[in-house]
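Two complexes are shown next, each including subunit A; its partner changes from subunit B in the first to subunit C in the second.
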Partner chain A sequence: MAATTLRSVTTYDLKLAAPLALGFLVFFVTPLVILLALSFQADPQGSRYGLTQYVHFLADRFSLGVLGSTLWLGVKVTALTLLLGYPVAWLHQRAPGWGKGVIMLLVLLPLLTSVVVRTFAWVVILGRQGIINAALGGLGLIDAPLKLLYTDSGVVMALAQVQMPLMVLPLITALSRIDPNLADASSVLGAGHWRTFRKVTLPLSLPGIIAGCLLTYAAAITAFITQSLIGGGQMLFMPMYIYQQASTLQNWPFAAAISIIFLAAVLVVVSVFTVLGRLSRGYTNA
Partner chain B sequence: MTSASPTTAAAAPAGPSTGPSQGRTLLLDGITQRYGASVAVNDVTLDIRGGELVALLGPSGCGKTTLLRIIAGFLAQTKGHVIVGGETMDGLPPNRRSVGIVFQNYALFPHMTVAENVAYGLDARGVDRATQRREAQRMLDLVKLGHLGDRTPRQMSGGQQQRVALARALAVNPSILLLDEPFAALDKNLRLDMQIEVKRIQRLSGITTILVTHDQEEALSMADRVAVLSQGRLEQFSPPTDVYDAPESLFVNSFVGSANRLGGVLEAADRSGGRVRLDVGGVIETRAPRGDVGPGDRVTVCLRPEHLRVDPGAAAGDGAGEALNGVVEMGLPLGATIVHEIRVGDGSAVKVAESRFERASVLAPGTPVRLAPLAPRLASVFAAA
Partner chain C sequence: MLLTRRNLMQTALTLGAMHAFPGLTWAQARPLVFATFTGSWEEAHKAVLVPAFRKATGNADMVLDPMLSVDQIAKVTAAKNNPPIDVMLHDPGPALQAVAQGLVEPYPVEKSAYYKDLIPAAQEPTGPAPFFQVVGLTYNPETVKTPPTSWADLWKPEFKGRVGITNLNSTLGTGFMVELAKMHGGSESNIDPAFKAIEALRPSLAAVAANPGQLATLFQQGQIDISPGNFNAIQILKARGVPVEFVAPKEGAIAFKTTIHIVKNSPNKELAFKLIEAALSPEVQATLMEEPYLIVPTNTKVAMKGEIAKALAKDHAEIASKFVFQDWAKINEQRAAWIERFNREIRV
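Our next item is the complex of A and B:
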């Protein structure tokens, strides 16, 4: 695809894209440049410039810890979402017409409510007097309420649910692209369901898995609201860390530097996924 | 299921080295398939001999694929039994039926090499790597693709992909080979090559084979016997020449080859033949009538274009019945044959195909002619449709 140029993909006048390009320039590129410039200020007044903020961040165990736990949180959420989302997508593929509609509705429904609402629902579910604790207590399975809210697993669970559509939709697309005759061919050649899944369905759905993981990961590590509301005060992730530095402490240069570092880290992850995605597409190209 | 376990079946020398007598019989016993209220396959019974190549022939939607899917086990029939080599297959999943199938779109695994595709079934049977590789190579050699094992399917042409699909299906030494319109996607020259190739391999391996097709030439040229289906019903199951020369129903007569249909009244009939007075004039000697008709009943006569002769102004009758009068509407020189369309008595058109050896040039439109059968008792008679 190296030969693809902007000219070759559209016959429309490229000037038509000018308003969008302008908007992009004003509202995305410019702030990013300002952010970058800000991050090189050695102090909030901007009297000196240098790498002070970056050195500060990279030498600080606490800051590195926050970055690490944020990236790791993304990994856990993505893994859980994939684990729960794949069966949903698979069921959607297998279901008769009306079943497909119901599953699709259930997958899309969360997107129709605000993230804040969904997150508060999880607060209700996970809280000390929440649904889970009430149910387990009522069944006599636990004596004291479990601590679920303000824990790592609580955050992972809530994020997995909130980001589920981002995983399931690409998976459904990928699975529906697989020729149903392939599974039949596999079974008639002697493979059982599990082998057919492992050897045919799973590898051929790889592009969808990678796209879903990429979207979920990017959304999970930047999910400010869910991270803060479910994680509470004790757990700090990058978005909140940046917010604190900027708003509470008014340390704009440091906040900018953290942002740039976070952005770079995310870009690295995204490029890895993109490369994997391209490889898998070449590999499964049907 | 075969009497041997899948592992030993695969490890034993596969198909092609074994003799033609090795094929297993296949009995479809009263198979019916309903989809809701509609009946896709209606009480079809086929008794197929071991090593035989049977073509399922019929128009689109007549239930060919449905029948194939039932044999493969992808679909559980509403009624009836599938019996292979005397053992019933009912209720067995596809992976335990020892059936090989070549799909219309080949359905090769795009993420595996050609050799891996061919070895897939052996791998599923737990055959060791070395044997897998050796068998895959042997099957690829058989379909003359031995040198392309490392390619991926999309680096292959349509004909090559089809041969890979065939090799993949045969590698596990199945009892039955199913081919669903395997040549439909190939262009004409390649199709002929592949038809010969498949026939060669089928002969060599002696595997009982069912070929689904809606191409009558393909069915007649390749099959030992042809099963003609119409709307889920079996119309006829006979050798290709019988299907062509002695069609058992009006549908078979019109679907296989072409036929001129003329209405008439049956004057006389016995076991050896009949005589029909045609509505357009003339009397014709026919084969024995099919179905429940007797003298005096209205019937439909089917005359094949190549069973007729055009005589410009010739005298009437020659023992095969009274000749039919008509006027040339149009003449088409089609290479080896010349086809004339003749308008007869009541205005209906009758096609006549004559070899160029018999007739050198086309007759001018408007020429008055007489039509006569080449021989008595070539025409078929059925109860009036």
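Our next item is the complex of A and C:
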């Protein structure tokens, strides 16, 4: 048989992806195009087209403030999640077989309950008569209950817990790919624990850190339910702003423009992460 | 039963034909879809209104599809020629929007047996109001020893840091602001005094909830002791054992008409009319007035009883004198600007 008739076993026909591509086209690209078209309407009736809605948003300090505080909220949540999630992933890596199972179960457990339920649990924890205030009051550390619910730090705490699995799972994957001999080699060569972590473990886990940060960030800034239940009515973030314009005011063009601007802002952040990811891959392979 | 290829094909073809030409089946093209509100409304309608409708129509097929007013409007707007909903239920603000956007069929008033018995405020030719929602003051009787009597009590120094309000996304929040404006010399078209009043209330505010439902959570958590509140929502909380009480302030409780509409181009107009007739009928309204629903009736043939007579109004004449109805056509004109102003100015 001639060798030319044999098909390559490592490349696949792109046609196999056609159903997925079609699905994306119909359910993702089309609505996005409609959204984009809607955002260029100058008024809700669609009598004129133009950049009115974008000018309205970008020339308005209040709207820009909402965008800024949403993006900043994502940074805070991501940082806190990384800080709390990394030790968990590290512990998972070091734990014996049964310990790994337990840690994995604990990480995955929150994913099995709805975000609404988890968020309501935080309402109970952070409330005036909640667990934190009751404990601090019982210990005599505070006289009057602290205000935790409807505050910025409350939102950050709750979001960090709610999104934690998105950070820990990529970290576990990244850490488990690191050859354990590398740490031994490092200590044989005279590096202490701290130096080994800094020079070996941390750089090698960078792809996991970046993947985790990306997921957490995207989830945190768009978390409509947690933001509004813990943040209340006076802390306005982008998802609530879009909802308010689209639903309460029926101002779809402006809501569409806000959505597109939000999408663009998130894409910028995501591409920064992606560039970092590419750099880190070069770093770890070097 | 034996499944042969032949009778499977037959069944499939018949079903297909029935679907393609609904006229063939001689019955409804699809069940009547009534978009009620979620939560207690859905429960009340499932338990009382749906059975009454079935009885009146000889078990016509219908489904409840509970959703918010704004979602109803969005869904009908998206498919104006073949709407997925036959009957809509609306708060006053969204009702005017739906009518303005031409989504609503005028109610066949001359055919209706009950329309003329409704109190005048409920007689809307675009869609009558079978129910009221009433907003007054809600407080926690364990911490508030002297029951409040006026909206002005919210500003009392003893409630510093204990007051909850909602933002203007909700009908409740907007109605409350209009009432504040009226108390301080403003009106539906002059909201300025209300913003000044809220500014003065700021030290007292413990929370600005994103929606009225959150106020319930805040009472349960002891986060707030007093707030404007919806009579029906409070009854549900009370039934669950949360320490809350409702009072109608002496300025008058704010009443919102909940109107019910036949959707334009609905394929089930006749059934839609029958459902609305059932909702207006004294039998249904009398049952819905009882525990645990406590929905304020609009049909004058229903005598006020129970908790409603005690807390709100003992007859329909008292509704007219004690309830405050607001001009939502005027409110809608400026509501967008108010929401924007509230976003900007009210930061706790």
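General observations
In this section, the second predicted complex is superposed on the first by the 267 of 286 C-alpha atoms of A that agree within 3 Å, B and C clash if a C-alpha of one lies under 4 Å from a C-alpha of the other, contacts with A are read in each partner's own complex, and residues count from 1 in each chain.
In the analysis below, a residue touches a chain if its C-beta (ideal position, glycine included) is under 8 Å from a C-beta of that chain, and two chains touch if they have at least 3 such contacts.
Treat the numbers as computed from the prediction; the structure is a model and nothing was measured.
The superposed arrangement places subunit B and subunit C next to each other on subunit A without a clash.
In the superposed model, A:Q244 makes contact with subunit C only, not with subunit B.
Shared-chain residue A:I209: touches no atom of subunit B or subunit C.
Once both structures are fitted onto chain A, a short way to say it is that subunit B and subunit C open up an angle of 150° at subunit A, using Cα centres and rounding to the nearest 10. In the superposed model, A:V107 makes contact with neither subunit B nor subunit C.
When both complexes are overlaid on chain A, the residue A:A255 reaches neither subunit B nor subunit C. Applying the stated contact rule after C-alpha superposition, one finds that A:S187 touches subunit B and leaves subunit C untouched.
In the superposed model, A:A160 lies in contact with neither subunit B nor subunit C. The superposed three-chain arrangement places the nearest Cα atoms of subunit B and subunit C 49 Å from each other.
Those residues of subunit C that touch subunit A in the shared complex are 68, 70-71, 73-74, 97, 166-169, 206-211, 214, 217, 221-223, 335-336, 339, 343-344, 346-348. Of all residues in subunit A, those touching subunit C in their complex are 62, 120, 123-124, 127-130, 147, 149-150, 228-229, 231-234, 236, 240-241, 244, 247-251.
Taken in their complex, subunit B has these residues touching subunit A: 6, 72-74, 93-95, 97, 99-101, 103, 105, 107, 109-111, 120-121, 124-125, 154, 168-169, 172.
The touching residues of subunit A, when paired with subunit B in their complex, are 179, 181-182, 184-192, 195, 199-200, 203-204, 283-286.
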